[in-house]
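Each of the next two complexes has chain A plus one other chain: chain B in the first, chain C in the second.
Then we have the complex of A and B:
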């Protein structure tokens, strides 16, 4: 240390920082600014160059000579290969277009799409399984598809398609999406637990009242009175309301039927089941469960809900993740005096956003996937994904029949979806708003915060306010207004 | 004030209390590690098992499924995502810290017209929600032909980050003016003062900003979502979402990938925590 020529000078000063300053300034040998800047820039460039070249090359197109058709879909994870297979089959089937697929996580796909449309870089085809077509069409995000379909396509959709598929794709007289699948609901039940409760699984209840009685026999409570198992717990008003003769339908004036006697009875029925168990006790029980969208965490699998009302996708999940679970499916029975064969379904749609560059290629791919081009090929896709096809001829195709033979419980859903009284969420301009508020209204009832009457009354008022707001923001008569033929709310 | 060294009993008590308080924060991490070593069928309690997923018998994997880690690496191109993320992190950290330091020095030590109003204007940009600037930024980058590349995820960092500029300015103001004046009297240029005096004294705040930027880039989900359309360019935060499908998904693989995802961040934090905490304390940004 003592050999350091600056040592004495530095040690004589109190501040370490001042020492530093003097040492650094004494050491200066280079002109002050440019060399340092150049060295910094060179270092940055080097880092950037090394890292840039270390990166993988961008994905190469398989058929660069063809017209690109960009597809954004929401089947991520283990489901993504199913879509890749459809895309590969389409690309093999013709020589004009190349579909380039991109999986976008469902929770953020809307955000990506909106920004891409605003920025002028939308995909040519986008899929969506949530009921949004009404809102998106009203907001001018989607292109009507009539001019891209042949007369034969229209006929097939009308005559061969399940009615709900077309209802879910149309908005204000225009077709905005091509149905590629559907989702509906039925009862899943556990015969092993049913038998253990002294019930006969071969004679499933034929009325909601009987179903509730079955559920009570399957309940299990621990020594402290806490619920360990709930036999049957209804949820989703949209699913139950049609059985009571109600449901959410678009009125001629553009509104939705919400606060009526049938819907009140349906929501009261749901609320009463929760009241029977005690709202607090029920909240605690539900809080101890997982959200259940994935098979492994679905409380039905763990036996905590021995009778569950859920969608057809569970059949595939159970086969893949819980093959050891013995289960059956049955149509959701109506209440005594209720309506048989009525129900609710959502529709998976493929659509063309505004600003898409390759409309014809997009439609060619949508025709291929949906079965409009060849129902047998679509049958193969639907069988591989465990999807509910939108066309009857697809259901009849050999591959799909083989799928049904292997998964007989799926037939319940095919039967349940085929009827004139199966309704989607009405594709009105405020569809997304309505869907979220309807969930909240039901949640308040099952928590005991509101009566069914009050919840529906408030929901209708809220929805009407939103309809009025949209109407004021738009030109009279446009789809955005939520009014038809100029009848504003 | 005279400090007294705490007794062993006091220290044990302090540690015991801290450990108890840390348990709620550790449980999700423990669950993640536990799940990453289970088969899918073991993850959630089945009929007859203790209902709580945090019960000890549910947390201990048996058998231990080490293969989840190798499977996760195969299921999605984890190493590609890691490489992309590392590139973005390095470039963003270097660009953000250097550019912010230059701007902060100007605000702290140079006198020029409208300095204070400009600084207030800069602070106001921090209050702008990202959603407000998202579309104009998107349009700008698209016009520049950068859509689908890494550039929109890097270049903004080269123009200073308002939060870092604020933190650094506050730190630079604590350096005695006399010291800087004396350096100037010795003939140092402004650039030399900045580089040879101020920057070496500001390591804690620079490290803090670097760590913030690293974490921000490492965890950034929205940026890659908006600007990247090529799976070969995905980052870890975005790529991990690929493990999940809406009605499917392998929790065991997702948790294994998540454990690998957070490991570098944890290591980095433990290595830099002393500097980080010092930086936080000296810039007055606690709480």
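Then we have the complex of A and C:
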């Protein structure tokens, strides 16, 4: 070892001379180099060819004589076969169209759709479970569907559909999507843990205040004062605000009801629960939990949240992956003096992107899946996926009734979604922006950064600023301005 | 002449690729930045409205600028210094030095997405490895990625994870320092520290300059880790310019606005780089 870390004996000679020597050496080696290059290229070509042939062949069409209807959906992994089954059933049911399904992961589906539209090759029909229909319709990504629906379809949607399903599918005076499912929220609770805390699971709280008191009895703290278990933790202002008489609704002028007394009370309620535990401790506790969509990752299963407010999809997950967990569901109770039968739901939609080539085939498939064509068949699909059907007759279908018999806790969600005061995220032109900012406003409150009053005031100002900007940038009369109120088709 | 044409023919795949995928989008983005464009419909001319909103009516934009500058001003010098020190240590001829060099280089070739997911767990405040170790010595670690007062610091610390690439460049630079200079200094009685300060450092300034410029450019393009680990949160504490651009373009479908943002970002990077080049004559020494 050299005593000097920067001294390299081997390169202590005149570097210029050494470099020249290498250059000359390289020159002498040039002729034998070419065969090696050729051999290398040949080897690479061979590897590429083998890899090419090892790739799966492009999917062959089963009915090449039919009109192709390309479907993009977001159900991947274990859920993908459910959609494949719907597609297969549709392809068997008629002889004019062939639906060709492609599962596009939800995290990239939005971008892929936009690029496909820009490239002139969008799918004929696409599904979406995030509340984006307002923004996408305003930005011209979706086609209005009225002309493709029969008078009977309109009637079924209006009279047989749950009101929230239709509210979530229309905007700017048009229907932009066909509801194929819904998602709403209720309380899941663990009777075993409730009993252990000295509470009676047969008498679930009838007010939010009682529910908070129940939750406190279920809390567990370790020797260092860290939260090990939190009985009840409210989250999602959109879910709680309707119980206080508020909620996010589209105003006649195209704005959204944000900063009002009812919403302030709801957000204050959420913030107070966090304040009770200590904001810092709650950050630590929440960060330690998995918030994944799979049942195994859900803290309710591990008992860390003995009372959870979550969606109906957990019923099927629990049945499949945690059948040993004893649980029940109950409607989220209103606060004392609050509003009963009010709530929040999101709608899973199928829609036709602008530029789609096979609109009629797309609509035929959407009618088939949604139950507009035959509610009984849709009942089979919804039962197999554990989905919440958008039509009442689908719920009444034999297969779905059999599903409910097997999963009685699912009924809570059906009851909770059926009411005139159940609201979706308002499908306004700035819907995606609003959803993202509303979540941030709530986050500021549960971190103790802002009071509920301030958070809502700031949110309203921010949303109004964005709405104003969009209005200024849009062509006069364009739905992008968000100034046109949605009306029923 | 024929030789020239043949040369252009050989480089034509790259030239075509550059024209189609870099030059044209570059020019198109200038035009788009003066429009309201949502992919589905044709762009509408809005003049300077996007720039006006960005500069005077968009608090998130200024948050993103601030966050990016903080990151660039802290993470880049820190990375340059850490990589340089590490390169000095890895330049010492000891037994198994190749193994050490490989170990320090390995993180650089680990996919960022994979390492980010691992760090998400390592930095989990309650069950993560980092806080578990801190607890052993009686420290209750913070919520690294969930606490706005810690999230930026955490991302800056994580930026050191991938400095192996810079280390290799420094190592190559160190190998290129003429040994005759060290010999002369030793004859004059300079010790190790003096040789490091008066020979190694000045001779390495071109490499340091290169890493600094590249680091600044990369800092302004910082995206992947922030997207995976924090998505710009909590409370926009890690909302970087590139991330905000992405959200505006693909989440809010505001491609004109995002283009304006991209151009402001470009002007900022170009100005800082120009500033660095203006100063380099004072502190960068060439052989």
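The criterion applied here is as follows: the second predicted complex is superposed on the first by the 428 of 489 C-alpha atoms of A that agree within 3 Å, B and C clash if a C-alpha of one lies under 4 Å from a C-alpha of the other, contacts with A are read in each partner's own complex, and residues count from 1 in each chain.
The rule we apply is simple: a residue touches a chain if its C-beta (ideal position, glycine included) is under 8 Å from a C-beta of that chain, and two chains touch if they have at least 3 such contacts.
Being a predicted model, the structure only gives us computed values, none of them experimental.
Peer 1: Between chain B (first) and chain C (second), which does A:74 come into contact with in this model arrangement: first, second, both, or neither?
Peer 2: In the superposition, A:74 touches chain B alone.
Peer 1: Counting only touches as set out at the top, which of chain B and chain C does A:198 meet: first, second, both, neither?
Peer 2: Neither partner.
Peer 1: One more residue to check, A:59. First (chain B), second (chain C), both or neither?
Peer 2: first
Peer 1: In the superposed arrangement, which partner chain does A:444 touch: chain B (first), chain C (second), both, or neither?
Peer 2: In the superposition, A:444 touches chain C alone.
Peer 1: For A:252 in the superposed arrangement: first (chain B), second (chain C), both or neither?
Peer 2: After superposition on chain A, A:252 lies in contact with neither partner.
Peer 1: Who does A:112 touch here: chain B (first), chain C (second), both, or neither?
Peer 2: first
Peer 1: With both structures superposed, pick whichever of chain B and chain C touches the larger number of chain A residues.
Peer 2: B
Peer 1: On the A-aligned overlay, A:287 touches which partner chain: chain B = first, chain C = second, or both, or neither?
Peer 2: In the superposition, A:287 contacts chain C only.
Peer 1: For chain A, give the residues common to its interface with chain B and its interface with chain C.
Peer 2: 15, 111, 115, 118, 288
Peer 1: Of all residues in chain B, which touch chain A in the complex?
Peer 2: Interface residues on the chain B side: 40-41, 43-47, 49, 51-52, 80, 83-84, 86-87, 90-91, 94-95, 98, 134-135, 138-139, 142, 147, 175-176, 179, 182-183, 186-189, 191-192, 195-197, 200-201, 221-222, 225-226, 229-233, 241-251.
Peer 1: Taking the touch rule as given, give the residues of chain A at its contact with chain C in the complex, in rising order.
Peer 2: Within the complex, chain A touches chain C at residues 1-2, 4-9, 11-12, 15, 110-111, 114-115, 117-118, 135-136, 139-141, 224, 226, 280, 283-288, 354-355, 432-433, 436, 440, 443-444, 447, 449, 465, 469, 472-475, 480.
Peer 1: Report the residues of chain C in contact with chain A in the complex, numbered from low to high.
Peer 2: Chain C residues touching chain A: 36, 38-41, 44, 46, 49, 53, 57, 88, 91-94, 124-127, 140, 143, 145-148, 174-180, 182-183, 186, 192, 195-196, 199-200, 233-236, 247, 250-253.
Peer 1: Using the touch definition from the top, list the residues of chain A that touch chain B in their complex.
Peer 2: Of all residues in chain A, those touching chain B are 15, 17-18, 20-22, 24-25, 28, 32-33, 36, 40, 44, 47-48, 51-52, 54-59, 70, 74-80, 102-106, 108, 111-112, 115, 118-121, 129, 228, 288, 290, 293-297, 301-304, 313, 317, 320-322.
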